[in-house]
Structures are given as C-alpha cells and as structure tokens.
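Shared chain: chain A. Partners: chain B in the first complex, chain C in the second.
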Partner chain A sequence: MEKEKIQELRQLVKSRLNRPMRYYLDVCTRCGLCYDTCHAYYGIPKKEYSPVNRAEVVRKVYKKYFRPSGFAFPYWGDATKLDERVMDELKEAAFSCTGCRRCMMFCPFGVDMPHILSIAKLLLIGYGNAPEELIMLADSAVEKGKSIDSFKEGYREVIRDLETQVQERLKLPSSEDLIPMEKQNADVLYVGLSGAHSIVHPAVIFNAAKENWTLSYFEAVNFGMFAGDPEKMQFIANRIVKEATSLNVKEVVIVECGTAYRIPKFLLGPLPFKVTSIVEKIYRYIKDGKISIREGAIADALTYHDPCQLGRNGGVYDEPRYVLGALAKDYREMSPTREYNWCCGGGGGLVALDNEDFRVKTGKAKKDQITATGAKIVVSACENCILQLNTIKNGYGLDVEVKSLTELVSENLIV
Partner chain B sequence: MWDTLYYFIMVPMVYIAFATLVLGLLFKFAVVFFSPGIKGTLGTYPRRLPRMLGIIKDAFAVPTAFNKTKVFWFFIVVYHVAFVLLFIGHLELIREFKVLQIIPHRVFLGAGWVGIALIVSVLYFLFRRFRSPHNAISVPEDYLLLILLFLTLFFGSHMNLASRHLDFQFDLAKSREYLSALFTFKPANPSDIVSPYHNVMLALHVLFANLFMMLFPFSKMVHSVFAFCSLNLKRK
Partner chain C sequence: MSEEIKANVTMDLKGLACPLPVVRVSQQVKKMKIGEILEAETTDPGAHADFPAWAKSTGNEIVKIDKGASSTKFYIKKLK
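Our next item is the complex of A and B:
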C-alpha cells in the first residue's frame, strides 16, 4: 500500500479514537471469554468469527500506528501494517459482525466490539472497499434528505393508497386523514420504513388508539450506520430530528427496526423529544386501555426473538412479552433468552448484502433455539430480524411462521 | 562489577521503574482525558444494580467469567485477591503499619501461601494460553508478561519461603531501612538485606519487578485501571 494511502487511513483511525475507543483498545486481555459467544462462530466455528479476533484485527493496526511499542517492537503485540491482506481481514471482521453486542455480555471489561469495528468500517470506506450496496443505500438516504421537497408529492400519493387499506381494516366511512402528514404539534411522529406493512399496521393501531399522530417522510433505517460512515449516519438521523423539531412533536415513535431505534434513543445525545419504539407504544396503549386485543387469540405455540438493538442494547424486554403473553395461549421462551439471547444474524446491514449462504450458516444458533421451543410462530420486532428469520426458516426448512409484533397486534385488534 | 550491577538494579533502576510507571499512567490518563467523548451512551441492559454497585460487582466478582467457566473464574479471583495481599505485604516491607497487624503476623501475610497461590494462578493463565483456542488469539505480549510475572513471583516467593523454613537470612529491619530510604530519596546501601550468598536472588526479584512496573502502563496490564472506565460505559 502506498505511503500516502496509509497516512490517509491512519488519519481515519485517529478520527475514531474517542474516549470509549481508547478504553476498549487498551483493556482487552485476550482472556477468550467472548471467543464462542458470537452466533457467527456458533454457525461457522472459525477463529475469524470470534469477537476477540475481530477486535484484534483492528487493535493490531492501532498498535502499529498509535503505540510506540508497535512502532519500535511490533513483535511485542503482533502490531500489523496496513496492506491488502489486512484490509481483507478488516472486511471479514466488520461485515461478519451484526453489532448485536452479545459478546459484550461475556466480556469482563464490557468491551464494545462493534464500537471497535467502526474503525474497520471507516478504513474500508477510506480504502474504497466497503460494501457497495450499503454505500449506495446510505447515499440514497442522504440524497432524499437533501431534496425532500421533490419526493413529497409522490410519497403522499403512495400514502393515500395505504389510507384505504387502513380504512378497510378499521371499517371507517372515509379514508381521509387516516395517515396524517406534516401535522404541526402532533403528539407523535411515527417513522416507518419503505414497506407498506411498516405503515399500514401502525396506522391501524394509532387510529384505533385515537392518537394525535403524523407520519414521517423518511425511513427510519440508517444505512450510514450499517456502512460505518459517521457523517452519513449523523445526516440520515438528523433528517428525522429536524422533521420532528419543525413539527414540534412530543414523541418520535420508531418502527420495528432495532438500529433505527438505538440511534436516536442512545447515540445522538439529548433530543428535544422523547424516542420510543412502536413496541413500547403498543404496550402503553394496551396498559392504558386505549386499544384492546383479542386475548388468547393465538392457539399455536409462539415464541419471541429479542432484536438485539431493542433488548440487549435498548432495554425493551418486558413490553413485547406482555403483549404476546396476552395474545398467545402458549407462549414459549427461547433459551438462552433476553440479554443472552442469540442474534439471528441479520443485523448490522448484513441482510442487505449478497450473503445468504453465510447468513443461513450463521443463523444456526437461532434455528436451534427456535426448534428447541417447538413453537409454530416466531415473532420479532425488527425488520432485519424478520427478514433474517425468514432466511433461516427457508434455509433450514423450518415449519414455522415468522410474524412481526405490530402485524400480530394489528390483526388481533378489537375494532 | 557485580556490586555496581546490584546497586543499579536495587537503586537507580527502582527509581526508573517507578518513574516510568507513574509517568506512563499519567500519560495514559492525559491521552484519554484529551480524547473526545461521545454524545450518546454505549450501555447495555438489563441494569439490575445501581451503576456504582454494578461496576464494583462486575470488576471484583467477575460474574461474566463465573457464568462462563468456573475454573478460570476461580483462578482470576485467587490471583487478584493474592495480588492485593502481596501488595499489602510489600507495604509492610517499607515500614510497620499497625492497622495491618490487627491479626499479628510475620511479614508477609499468608505464611508463604499467597505467593504460591499467585504462582499457581499465573501458571494456569500461562498454560491456558498454549491450548486451543487461546493460543490462536494470544500475542507475544500475553506470554511474555506472564513469564515475567512468574519470574518475579518465583524469586520473591522463594525468598519468603526460604526465610521461613530454611536457613535463609532475611533482615526485615534492613529491608525497611533500604525501602524507606528509597522513598525519602536518600538511598541506603542495599547490601545487607539478605545474606551475601543470596543477593543474586533478591536482585533478580527486583529486576523482574522493575521490568514489570516499566511495562505496566504500556501493556494490557492497564486493564486494572481502565476496566472501571469501560465497565462504567456499559452501565451508563
């Protein structure tokens, strides 16, 4: 690799050396407690898929360029120069990790491996080796943010079609304003995804709850985060922040999408509105008696897959269980569950990549968990998880139905 | 020649080692302090305990290791408890601390068992690294630090045990005179702490301890300081 390129990449690493990163790069003792805690390693037991090894690929580069010992005695810490081979290793490390942070639960120092891998992702962008799909999707989201006015009319047309579906579902005389947009001073700004299901089902629930709400023009998903580009991540997230601020809403409710929830809730710092997941919102509606669901309506055995960004990284454990406990006659918990639940293998933008074989293999842990419950319905509350659970279902020929929690509530709503 | 070398290890090198340890840690803290923070939070859930209690539990009880592998957890706890006891023992080599003599004992605490426990733990950590999969994730630093620690402990423990059970003369008063003088920057002659025949053993113990202190801020040993910071982030 040319000296200038190395210098450029070195600056990128430097830009990510924030305080937490310094701790994480320094404290690891390579004790190996996290070694087999990744779903990817469970499915493909190779050192490359162990969390500690992924972090070490980055750490060795860091040592080489930022530690005197790495410069003077590279042998001491196995410090590694940036070259083609290392870039390949960084790519394998960064894009085999879903960012689920299960490994963190087993680390005695709480090292955040995905945080370390953000260096790898940034280096890949700088080297021009990042997955094109994610870069294109992030660019497209950025472009939409820059020229939202040219998208608005077309989007309103689509939404008008969806309003008729909501009308039919709620058996209302008119479809007018069932999915309000640009509503000033609404209590809730709902941010969906590009799929109709991510708007229709929540719209049914919001209307049933008589919520004072409005729909965002933007998709909640943040491909800037998945690609590992901090500037694009910030821009994509800020589109929603600006929209919420200009509409003066009290609360932003995020669609079933783990990362889309985690970014505004935990990564942007203080915001002038509350951030909630649609799952928490549904739970509150039921608790407050604003909506009613058919209790015990689902007779088949049902299990719940905790989306990592919602559960382990968001603390939303009890709300979906409360809702599903009411809906299902036979609710079965996965083992291990909650913070130790296995990742499905679809997060971190991996479902957007051309890697289905890999995802089937790395979904083995989840497949084994689902099979062990004997459940016929697998519910989750994250779009990526739903897509990946279907990949696992098809890949292993599982006789299960995969459903989203919002969809299930919408279908079993008493209207 | 030997006298010069002995004096260098026992006096100037101890100062160099302490200075490297202190300045190295200060440098590390400065680097961290001047690094930008982050806007959000990197915590995980659930959080069953208040933050401080949780950090203390995570750091000292190491539940992550307990849940994963009990043998490893056992040696982690033994090692760290013994290390603290050993540190206290070395404080008593500088001067007498009445508070430490609530239960009257001969210096060091533990009648030699503390050193043995540490050596066994270090050997466990070392040999564990030769096994798969730990050999695949280990780097030379991991082995070299453990070997250095083993050598330091081996000579230190040997002197302690020999002074208790064999005809090995260790003069506690001379030791206190030597170490107190070091602390007041008026170094005394370190030649009579042990019998002249055993000076080599003492010099080797101090040499390896010096090297360990010098490496401390620039190796993974800083986990003993920064672990609290990273565990705080997990619960913040």
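Our next item is the complex of A and C:
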C-alpha cells in the first residue's frame, strides 16, 4: 500500500479516536469471555468470528500508528501495519458482525465491539473496499433524498392503489385519504419501507385508531449506517428529519426496523419531535383503548424474537410482549431472552449481502432457541430479522411460520 | 401507441422484502452488456422511487414503466 494511502487511512482512524474509543481499544485484556456470546462463533467456531479477534484486527492497526510501543517495536507491541491482507481481515471482521452487542453484555469491561468495528468500516470506505451492495444502497438513498420531487408522483400513484386494500380491510365506503401524504400538522409521520406490507398493515392500524397521520416519502432503513459511512448516514437520516420538520409533526413513528429506530431515537441528538417504534405505538393504542384486538385469537404456540436494535440497543422489551401476550393463547419465551437473547444473524446490513450460507450457519443459535420453545409461530418486529428468520427456517427446514408483529395485529384487529 | 420494448433479461421480484429488489436488479445489471434491457417486475410500491433513484445514482436508465393492477414492470437499460 502506498505511503499516501496509509497516511490517509491513518487520519480516518484518528478521526474516530474519542475517549470511549480509546478506552475500548486500550482496556481489553483478551480474557476471551466474549467468544461464546457471539452467534457467529456459535455457528462457526473459528477464532476470527469471535468478538475479541474481530476487535484485535482494528486494535493492532491502532497500536501500530497511535501507540509508541507499536510504532517502535511492532512485534513486541503486537501491532500491524496497514496492507491489503489487513484490509481483507478488516472486511471479514466488520461484516461478520451484526452489531448486536450481545458480547458487550458479558464483557467485564463493557467493551463495545461494534463501536471498534466502526473504524474498520471507515477504513474500508477509505480504501474503496466496502461491500458494494451497501454502498450502492446508500448512494441510491442519498440520490432519492436529492431528487425526491421527481419521484413523488409515481410513488403517490401506487400508494393510492394501496388505499383500496386498507378500505377493504376496514370495510369503509371510500378509499380516499386512507394513506395521507404531505399532510401539514399531522400528529404522526409514519416512515415505512419499500414493501407494501410495511405500509398497508400500519395504515389499517392508524385508521382504526383514528390517528391524524401522514406517510413519509422515504424508507426508514439507513444503509449509510450499515456501510459505516457517517456522512451518508447523516444525510439519509436528515431526509426524514427535514420532512418531519417541514410538516410540523409531533411524532415520527418508525416501521419495524431496528436500525431505522435506533438512529433518530439515540444518534441524532435532540429533535423537535418524538421518535417511537410502531411496536410502542400499537401498545399505546391498545392500552388507551384506541384499537381492539382479538384476545387469545392465536391458538398455536407462539414465540417472540427480540430484534437487537429494538431490544438490547433500544430498550423496547415489554411492549411487544404485552401485545403478543394478549393475542396468543400459548406465548412461549425464548431462553435466554431480552438483553441476553441471541442475535438472529441478519443485522448490520448482512441480509443485503450475498452470504446466505454464512447466515444459515451463524443462525444456528437462533435455530436452537426457536426449536427449544416448540413454537409454531415466530414473531419479530424488524424487517432484517424477519428476512433472516425465514433464511434460518428454510436453511434448517423448521416447521414454523415467521410473522411480523404489526401484520399479526392488523390481521387480528376488531373493526 | 407506445413502442414495444424487448427485454434481454426478465426478473420476477414480486414479494421480495427490503432491500432485495434493488440489490437483485443491481447484481443482474452488472452481468449484462451495455445497451441491454432488463425487465424487472415488482410489487414494492417503494420501487417507484427506489429504482429511479438507483438508476440515477448508477448512471443507468429506466426507459419504461408498465404499471399493472398488482405489480409494476420496470424496463432498465444498462448504460454503464
């Protein structure tokens, strides 16, 4: 690697070296307690898939360029210079981690491995070696933000088609304005995904609750975050912030998508509106009597998979359990659960990559958990997780049905 | 009467979850020759904004959109 490129990449590392990052890089004793906490290592027991070894790839680069011992005595200092081999290792480390932070729950020092791996992702972008699918998706989302006015008409037209589905479901006389768009002073801006299911089911629920709402032109998912590009992440997130601000809404409700929820909720600083997950909104509607669901309508044994970004990293645990506890006659908890729940293996943008075989193998912990419950229905509240749970189901031939929580509520709504 | 467009490759993307329609289209277009046309059929309403945005950011062109009752066909010409 050329000296200039190394210097450029060194500056990228430096840009991430705030106090928490230096703490995480310096404090690890390599005790190895994190090995058995990672779903990837559980499925593929090779040391490169353990959290500590992923972080070590970054740590060795940090030691080489930012610690005197690593600079002067790289062998003693356990330091590695940047070269093509290290870039490959950084890629394998960064994109075999879903950012679930289960390892952090068991680390005696609370080392945030995904935070360390954000350096790896930044280096890959700087070197031009980041996964092209994620870069392409991030670039498309940025372009959509820049040129949204030219795409509005086509999008509105298909949304009008979806309104008839909402009308049929709610048995209403007209489909007009059942999925409002660009509604000034709405109480809620709902941000969905590309798929019709992510719009129709919430629209049924919002209309049943008589919510004063409007649909966003943008998709909630943020591929800038998955790619590890802070500038694109910010731009993609700001599309929604600008839309919400210009419409003067009080609350932004995010579709079932863990990362899409976590970014505005925790990473953008103070915002002039409240940020809520659709799961929290549904819970509130039921508690307040704004919607009614068929209690005990689901006879088959049902279990819930906590999406890591909504549960462990977002704190939303009780709301989905309340809703599912009401719907299901036989709700079964996975073990371990809540903050210790196993990651399904689909997060961090991994479902967008061409890696199905890897994801089946690294989904083994989740497969074992599902099988142990004996449940016939597996519910989750994240599009990534739903996709990955279906990959696990097909990969291991599980006799289960995978459902989204919003879909289940919409189907069991009393109208 | 609109000109009929003959696709070199057709893809059925109906029912695929986010973000797979755009990923599959992008992967397929990479395999094609410049000037060839891909017909991609999808049920995603978001594709009406996502596909044009993808085409613009990658320098390809959507030459025709056929909106049907339950799905839409996008005709994408590879330019790069």
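Basically, the second predicted complex is superposed on the first by the 414 of 415 C-alpha atoms of A that agree within 3 Å, B and C clash if a C-alpha of one lies under 4 Å from a C-alpha of the other, contacts with A are read in each partner's own complex, and residues count from 1 in each chain.
By definition in this document, contacts are C-beta pairs under 8 Å (C-beta built on N, C-alpha and C of every residue); 3 or more make two chains touch, one makes a residue touch a chain.
Since the model is a prediction, treat every value here as computed from it, not as a measurement.
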| item | value |
| --- | --- |
| Which of chain B and chain C A:G315 touches, first, second, both or neither | first |
| Chain B or chain C, by number of chain A residues touched | B |
| Partner chain in contact with A:L162 - chain B first, chain C second, else both or neither | second |
| A:K361 touches, of chain B and chain C: first, second, both or neither? | neither |
| Partner chain in contact with A:D26 - chain B first, chain C second, else both or neither | first |
| Which of chain B and chain C A:R54 touches, first, second, both or neither | neither |
| Contacts of A:R67 with chain B and chain C, given as first, second, both or neither | first |
| Chain A-touching residues of chain C, taken from the complex the two chains share | 17-23, 26-27, 43-50, 52-54, 56-58, 65, 67, 72 |
| Partner chain B, residues of chain A touching it in the complex | 17-24, 26-33, 35-36, 47, 50, 52-53, 56, 60, 67-69, 75-78, 101, 104-112, 115, 266-269, 311-315, 317, 338-339 |
| Chain A partner contacts - residues on chain B that touch it in the complex | 28, 31-32, 35-47, 58, 62, 64-65, 67-69, 72, 76, 133-134, 136-142, 144, 218, 220, 222-223, 226-227, 229-231, 233-234 |
| Residue ranges of chain A touching chain C (in the complex, touch as defined) | 133, 136-137, 139-144, 147-148, 150-152, 154-155, 157-159, 161-162, 192-196, 198-199, 217, 219, 221, 223, 352, 354, 383, 386-387 |
